[in-house]
Amino acid sequence: MTYTIQQIADALGAKAVGDTTLRIAKLAEPATAHADDLALAMSPKYAQTLSDGAALAAMLWPDADWQGMGLKAAILPDRPRFAMSGLTRMMDPGQGFETGIHPSAIIDPAAQLADDVTVGPLTIVAAGAQIGAGSIIGPQCYIGTGASIGKNAYLRDHVSIGARVNIGDNFIAQPGARLGGDGFSFVTPEPSTVEETRKTLGNRGDTKAQQWARIHTLGSVTVGDDVECGMNVTVDSGTIRDTMIGDGTKLDNLVHLGHNVVVGKNCL
Amino acid sequence: MTYTIQQIADALGAKAVGDTTLRIAKLAEPATAHADDLALAMSPKYAQTLSDGAALAAMLWPDADWQGMGLKAAILPDRPRFAMSGLTRMMDPGQGFETGIHPSAIIDPAAQLADDVTVGPLTIVAAGAQIGAGSIIGPQCYIGTGASIGKNAYLRDHVSIGARVNIGDNFIAQPGARLGGDGFSFVTPEPSTVEETRKTLGNRGDTKAQQWARIHTLGSVTVGDDVECGMNVTVDSGTIRDTMIGDGTKLDNLVHLGHNVVVGKNCL
Amino acid sequence: MTYTIQQIADALGAKAVGDTTLRIAKLAEPATAHADDLALAMSPKYAQTLSDGAALAAMLWPDADWQGMGLKAAILPDRPRFAMSGLTRMMDPGQGFETGIHPSAIIDPAAQLADDVTVGPLTIVAAGAQIGAGSIIGPQCYIGTGASIGKNAYLRDHVSIGARVNIGDNFIAQPGARLGGDGFSFVTPEPSTVEETRKTLGNRGDTKAQQWARIHTLGSVTVGDDVECGMNVTVDSGTIRDTMIGDGTKLDNLVHLGHNVVVGKNCL
């Protein structure tokens, strides 16, 4: 799949200059770009390295002197960093997941999937789970009992969604992300050393060694729209009500959210 | 499944007052409780928010003025925080795993499972593994060669138990917990920069770049009774003897225990 | 499998003394060694505990007085810590994976596997993936589209290798290691609070709440030879070019490498 400079600029709502019929196969850093790459040189610092590569076209900044850089064409977006979002989306080769329900997937008859949902090989969808239109569930995932996933989700491999987790639209989960583990909550029959020490500001009194009793997790996790979870992220369910993640929030790899946490909107 | 106030109080060994025939469907925080919920208001601070919700019954503290709060019934446990353990256990809806051996599970003929063990879909149990009575192994787990799991274990999905890991009774593992990885242990043919610097208190001498040789892991992991491991926990095997986790210890999500570690009893 | 003291010493290129026909079944720490164990007492401190155990033979240091310790035989390597590498490799019982392609593995017809590759149960190898000679891919792994793994790899269970990840020879991955997640990279339509604050050294100006747009990940991960990744490690793909891990580098459990990172050779 190749695009002309003009097609790319139109898709980004950006200005194209020079020979806008040049065809671009992929993106590259300026110093290592080939002749059919679009070099990403969105600041003067990166533009200086264009001469180390062989790019004929580059994405620059609004008033960049593209001809002085020896280029045949250029794209000049108003906000180059934001243009990267649309540009990388156009060029994303993806994971190559096949569409449709793989025959090795195990889907409970009591699960509800929209017609066009993809479920990858060796993925399990438990009873009562719901998956919205346009969603892609990757390989080897587990979607728990009564869990709900909105429209246009994209889950990569080995993702765990626990029972009754409720997720909005456009959810993205990287490999090994886990939502809906039991909360880490224990209590001793008598006040523990920690409780006693807090209460008395340091005096441990006559507390003795005790075993921990488990406080079971009755809540789950509620996730808004446009949320992304990185690889091996862990989000615990809430004790009584759900742990909450607001619309637009993104969690990086290996982030841990404990039980009962409430995360707002658009947190990064 | 609903319970009367009296049934709940009896199960907890707590005092019930008022109309103890009221039926409870679930637990709730005071401010968001419905009429058939049991509100959890175990301190005056939480009790103040009862009027924001519609609860007719609440779990309070020993001498709470339940009538002054406008309630029809109440449960008054001696140690409300500890009562939460029994109460949440009664109300736990669980993950909804089906019982029995799922036909897609791959169980080596040389594995030994007690009669009533549950093994979830797409789980693998390798040769020589042993699983005790009452244990539930969730979906997509891997139980390694010669591993041993005691009675009444509860493993959720995507759990890894390495070869020869030895686990006591009542073990709980959250999704993606991993026990029995190879220890992180390497050595250089000649003393490395780190060793030389330690020995000479700072003089790096004439050490040179070297490749790392692997010290293989011959031990495994020994886990006591009543241990719980959170999501994506990692516990390495010991080099010569086993890494050890004592009875009653609980590890939160994403905890890492290195090789040869010895963790005591009831650690949290 | 047992070895004589002489066989072990020969394999390590070390000096053997005493009754070198003694047979050794396994390694042990000095204080808990049995009569057919080789005690590891490679410094005077550990040698002091030999009398607490029943070892007849030990691995010591070059000029150790093995007879004074009451031993019948000993191995005296020049660099005892390095000798541990060869010794533990000889004695490693491994995970007991069966060789060959398991019938439950799902291998795309367009994947290329060398003749002697092992693929464990419930593992997926996607289209265009390549796996080199002598490699062992454990159970429940996912090898993505167009990924390439060199010779003699050893992957344990639940490992994720994303699309187009390119790995050299002798790669080792512990359970749940993940390479090739999408990078964590987002941008706002207008300059965000963070950008504005950095630029103005503290003045937030009139920035307003905005949604995050995703910068898609077009690169992947390039991994050199002799690399090891611990359990639940996460390595993100690069945005335009690959994230890089140099030859001989080892990552411990739960290490996270972000997108575009370049890690050198033999890093520990």
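Labels for the chains are A, B and C, by order of writing; each one numbers its residues from 1.
The criterion applied here is as follows: contacts are C-beta pairs under 8 Å (C-beta built on N, C-alpha and C of every residue); 3 or more make two chains touch, one makes a residue touch a chain.
Only a predicted model underlies this, so the values are computations on that prediction, with no experimental measurement involved.
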Should the pattern of chain-chain touching be classed as line, ring, star, complete or other? complete
Are the two sides of the subunit A and subunit B contact the same residues or different ones, given that same means over half of the numbers occur on both copies? different
Cα superposition of subunit B on its sequence copy subunit C - rotation in ° rounded to nearest 5: 120
What whole-number Å value describes the gap between the mean CA coordinates of subunit A and subunit B? 27
Enumerate the residues of subunit C that touch no fewer than two other chains. 122, 140, 158, 176, 232, 254
So in the complex, the part of subunit A that touches subunit C is made up of which residues? 26-29, 32, 40, 79, 81-82, 84-86, 88-89, 91-96, 104, 121-122, 139-140, 156-158, 172, 174-176, 226, 228, 230-232, 248, 250, 252-254, 265-266, 268
Using the touch definition from the top, list the residues of subunit B that touch subunit C in their complex. 106, 122, 124, 126-128, 140, 142, 144-146, 158, 160, 162-164, 176, 178, 181-182, 184, 186-191, 209-218, 232, 234, 236, 239-241, 254, 256, 258
